[in-house]
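Pasting the structures here.
Common to both upcoming complexes is subunit A, partnered first by subunit B, then by subunit C.
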Partner chain A sequence: MQNRNLNRLSVETSNRSRHFWRLNRNGRSRKSTHATSRQKHGAGNGVASRQNKQESFEQAPMYVAVCTYMGFGIVTLFGYFRDFLRAVGLEKCNLAQEREEQKDFVPLYQDFENFYTRNLYMRVRDNWNRPICSLPGPVFDLMERVSDDYNWTFRFTGRTIPNVINMGSYNYLGFAENNADFLKTVADKVQQYGAGVCSTRQEIGNLSIHEELEQLVANFLGVESAMTFGMGFATNSMNIPALVGKGCLILSDELNHTSLILGARLSGATIRVFKHNNMHSLEKMLKEAICCGQPRTHRAWRKILIMVEGIYSMEGSVVRLPEVIALKKKYKAHLYLDEAHSIGAVGATGRGVTELFNVNPADVDVMMGTFTKSFGASGGYIAGKKELVDYLRCHSHSAVYASAMSPPVTEQIIRAIKCIMGKDGTTEGKGRIRQLAENTRYFRARLKEMGFIIYGNDDSPVVPVLLYMPGKVVAFAREMLQRKIGVVVVGFPATPITEARARFCVSAAHTRAMLNQVLHHLNEVGDLLCLKFSRRKRPSSCSLSEETDVGLDS
Partner chain B sequence: MNVGTAHSEVNPNTRVMNSRGMWLSYILSIGLLHLILLSIPFASVPVVWTLTNLIHNLCMYLLLHTVKGTPFQTPDQGKARLLTHWEQMDYGVQFTASRKFLTVTPIVLYLLTSFYTKYDRVHFVVNTVSLLTVLIPKLPQLHGVRIFGINKY
Partner chain C sequence: MNFKNFREYLSWLYFQYLLITGIYVLEPWEKSIFNSVLFSAIAMVVYTSYVFIPIHMRLALEFFHEIFGGQPESTMTL
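Presenting the complex of A and B:
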């Protein structure tokens, strides 16, 4: 008992001291990040060392954190005050309440559980769930809605807000489009197969178009075989229980998506969480798992599965794939790579993070991805060795119980993959990938120049701009909508309390003019709301200046 | 509105006290309270210090040891519904840095108050009782204990 407390003491003090000395997440001071990464990986050889320099998680000045807490404190005080007014009867209560006759029963739910929802979220919820009435391309139309009672109810005025620039949809390669030529094959397949499948894959729902898609996905990724599922979230939550079970260990990254966490919990395996993208933490856990085994019996684990994502959608950071693979090989664990946001969006030909790092796809045991983001469709896939995929065809919950992917969606994915691979005879796919990479680099460079704090890797098309304070989050979203730009903002408790952000998703369909318009408005809103917290020197286009940038970070 | 969408933290309440700048904000808010009380024209310095101590301990008791549960729905089906914020901190692990900090601060405030009230008897009794109400619930032996069923549900 004593030792355990001492260990926790040392861990906690090291956390505090890390905060005190303003070290970044990986335990290295920002000042010496460049130096140590060079020492570790040698002078600029592989992609890994280049990547270390490109990811940044700059921390805002301390006064920003203090103001954030002040903001939450004031909102909480007002929340208690309004609750008091509602209880006394001075303010109308718009919430659902228990019936009069049941007021003396044991309460159905705890009032405090809804505190945040009714006192903070309700006041600002016009920034979420906005109804869209066109396809989610680079520009879209929003339905105009107003509220007469401070967002408790909405009503539509009947007008639409046309041509709002869309910076929130996962439309990385621009396949969410309405082009009649491109969609002709999809229309033909609806004629041929119908709109729905009306069965599961294992019963009568295995269509020839599914086999064609799976063959194509396997070719695209460079693996032996693949299997597709109708829903991206369900791909994770239904297949992880088929792969691991009790007696297995899952090492999952801190910032993994809810679908991965749900799948891990449903499987019944033991879950341990390692710090985000931190190879030391992962290695320590692997060593401890192999030395100590299962918790009470100390038997060896049946399987150790490392779960990481290609691009983390809330941070924009990219997984350190070569290092994870080296660790996996050293300790004989398995790797599950979720490429929901990275497939089609990174890599020279859109093959995802395996191509970005020049890693052999056979090194990743289970490659998973979704078709929702870069392919403009819906659904997910799992790819890998033939034995693995054949096993999943029999044992996956989704194959047995969920209905198969519908034919027009399947054809949309087929035509998107053929376009990316160049199999349709045009260079449209290559052009889109190049356009996405250019847009990403340009957008990120301009944002850094303007002085915003953005997270993540320079190659990732997901750009989170940190806003920090709850009031600014809301003001930002409303102000951008007034300027006809649609953004997605997230705050506490979906993010840590001091890291509320706006998430921009760059698309290949955005033209330079659109990006310039967005950047121009961002600049104005940034000045208006004082959002430019970055304290780094504004980088020039020459990358050399970043290496000499050691002065300002302390 | 989803809790834990961007991270796998089941209950964000457990990490709030460890976040960046929270300790500084806490100290600053005590200072602000003290300044506000000092601005009252007819209050003498010992009374102001005793009032600071009392109000601080009262707020700490209410926020950390009375209010139970989370202000949002967590994905663990409400495991923390009957736990106060002190019991939720760091998932119940004792002697973490934040817990030690929150234990030491009332003690330091008490020492300062004793000094500035010149160890007067009445002030001493009042301040000591107030300090005890804030220190005793923090003992690890009282984790999850509800005396006489007060604040149980």
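Presenting the complex of A and C:
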């Protein structure tokens, strides 16, 4: 992992100068940013790859952005008004405040984040943290809660809302189930190993079931060796510092997950951000890194690590893996691929984006993933060459300090992987993968037909539906719950301020009838709230009537 | 969407107004404050236009009439 590549500068000079000028001309002419829709096409290595790279990020009409800013502005004004009332004493403050003796110290609660929480999030927080009282399968039960003082406090009425269709859980292959036959092995392992491990991997928490799981994960991914950790977030944030350090360069995608960003910051390496899925931006940064080296000393970088994700969960877009690998090989960088959402969910046999693009898994230096999404368990893994994994076993913070994965969870992952690979003797795994792909295609096609703006690749089971305005986001969540559909809506801190969205996660456990019900209610709510902003030509379908938007833009 | 009567259509339009301006998330008394401020602003605009627009239109028309239509009259008197 620590190759110095001292000859890099001299070898690359002649190639670099030729390519650099060619790129500059093409780069400038290829800059096309239209106001209405942008479609990103791939390099076209073949029909399959061209299909996979159809991703569209349609922009909404201008009035939508104006109304979004206006809405946020008005609520911010009212926020200042309410803060004034609280400061004067006309209103009771329900949140934390500084003590009287500390009023002259540096203020703790006046930054924008606290302002936003107090004045915007608190008003509408009944749409988040809803308590669930059944397993998060395709349908679940919610506890009914009401608030008497505008969401400052909640109380439970004692009733449950049964059979709410679950469009928010990351249950891509439907392994969040409580079928007694399927869970028999898990129950046996609890009897054999107990529920807790009471130690870290390095000390005395390395169980034989962990070794079995790691062997299975390595076989599943087609790599030499793998290591598993108890928590997915900690897999990223605790292992990146073990791989890179000061003097290394991290090139990270714009929309990377917080765990990757945290791991990168903790490592102490220099971080540069390239535009989302934009190979020109990445190549320019690679060239600059190799030409100029480290900031002041101009020495060569010890390591260059490109960090990308398989499926980006807020956009539903898929990384352009063949192009990234070509760039990595050309510039001798290393690649860290986070397949949290894509492992098990894409690919013909569920092997993730490497299978989707027909790429050799040995080309990716560090393959990381989590077991939370498609396997119905918790935890993460890092896989790759044997030397890498052996190094991590000694040097990773997670291995040394974090408690090992619990035995029933480990057995759940083992049974899920065996099911997907077909090793349990049934075709259940293949059936689920096929069902997920069908559900995804159907759901996305119908949503596009209806006229919603959807981001992302057609193969990804994560479907963000753009809502934009803060009032509509809240109304959408409430209306869908009234119609017994549970959705996850995401707003400002996690997404850009003008692009609030509802994120649907399609599952293999959803039947066609459930999806049709969801789509029917989505259609109604879309008309009620005027959410159908898409201005693309829709393919006419015999089942849907050709009605124009009941909106303001006609 | 089918509206049974005009009142339902008006309440849907009011709902759209609440959503677009972002008032939907506020408490009822804050909604009333915003609505009354907006209504009084619009009322003042309407009243001002009622008072001043006819006068301004008349003056503007006279001004242009003097430039273009006034010339034949002056030559006739000569």
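Keep this in mind: the second predicted complex is superposed on the first by the 474 of 554 C-alpha atoms of A that agree within 3 Å, B and C clash if a C-alpha of one lies under 4 Å from a C-alpha of the other, contacts with A are read in each partner's own complex, and residues count from 1 in each chain.
What we mean here is this: a contact is a pair of C-beta atoms (placed from the backbone, for glycine too) under 8 Å apart; a residue touches a chain by one contact, two chains touch by 3 or more.
Owing to the predicted nature of the structure, the values given are computational and were not obtained by experimental measurement.
By the touch criterion stated above, A:471 is placed in contact with subunit C alone, subunit B being left untouched.
By the touch criterion stated above, A:156 is placed in contact with neither subunit B nor subunit C. By the touch criterion defined above, A:121 reaches subunit B but does not reach subunit C. Look at A:252: by the touch rule set out above, it reaches subunit B but stays clear of subunit C. Touch criterion not met for A:84: it reaches neither subunit B nor subunit C.
Of the two partner chains placed around the shared chain by superposition, subunit B and subunit C are both touched by A:70. Considering which of subunit B and subunit C touches more of subunit A, the answer is B. When the two complexes are superposed on chain A, the residues of subunit A that touch both subunit B and subunit C are 70. Taken in their complex, subunit C has these residues touching subunit A: 1, 12, 16, 18-27, 30, 34. Taken in their complex, subunit A has these residues touching subunit B: 5, 8-9, 12-13, 15-16, 19, 59, 62, 64-66, 68-70, 73, 110, 112-117, 121, 125, 128, 252, 254-256, 258, 261, 273, 314-315, 490, 492-498. Contact residues on subunit A toward subunit C in their complex (touch as defined above): 67, 70-72, 74-75, 78, 120, 123-124, 150, 469-472, 474-475, 527-530, 550.
Residues 1-9, 12, 15-16, 18-22, 24-25, 28-29, 67-73, 78, 81, 93-98 of subunit B are the ones that touch subunit A when the two sit in their complex.
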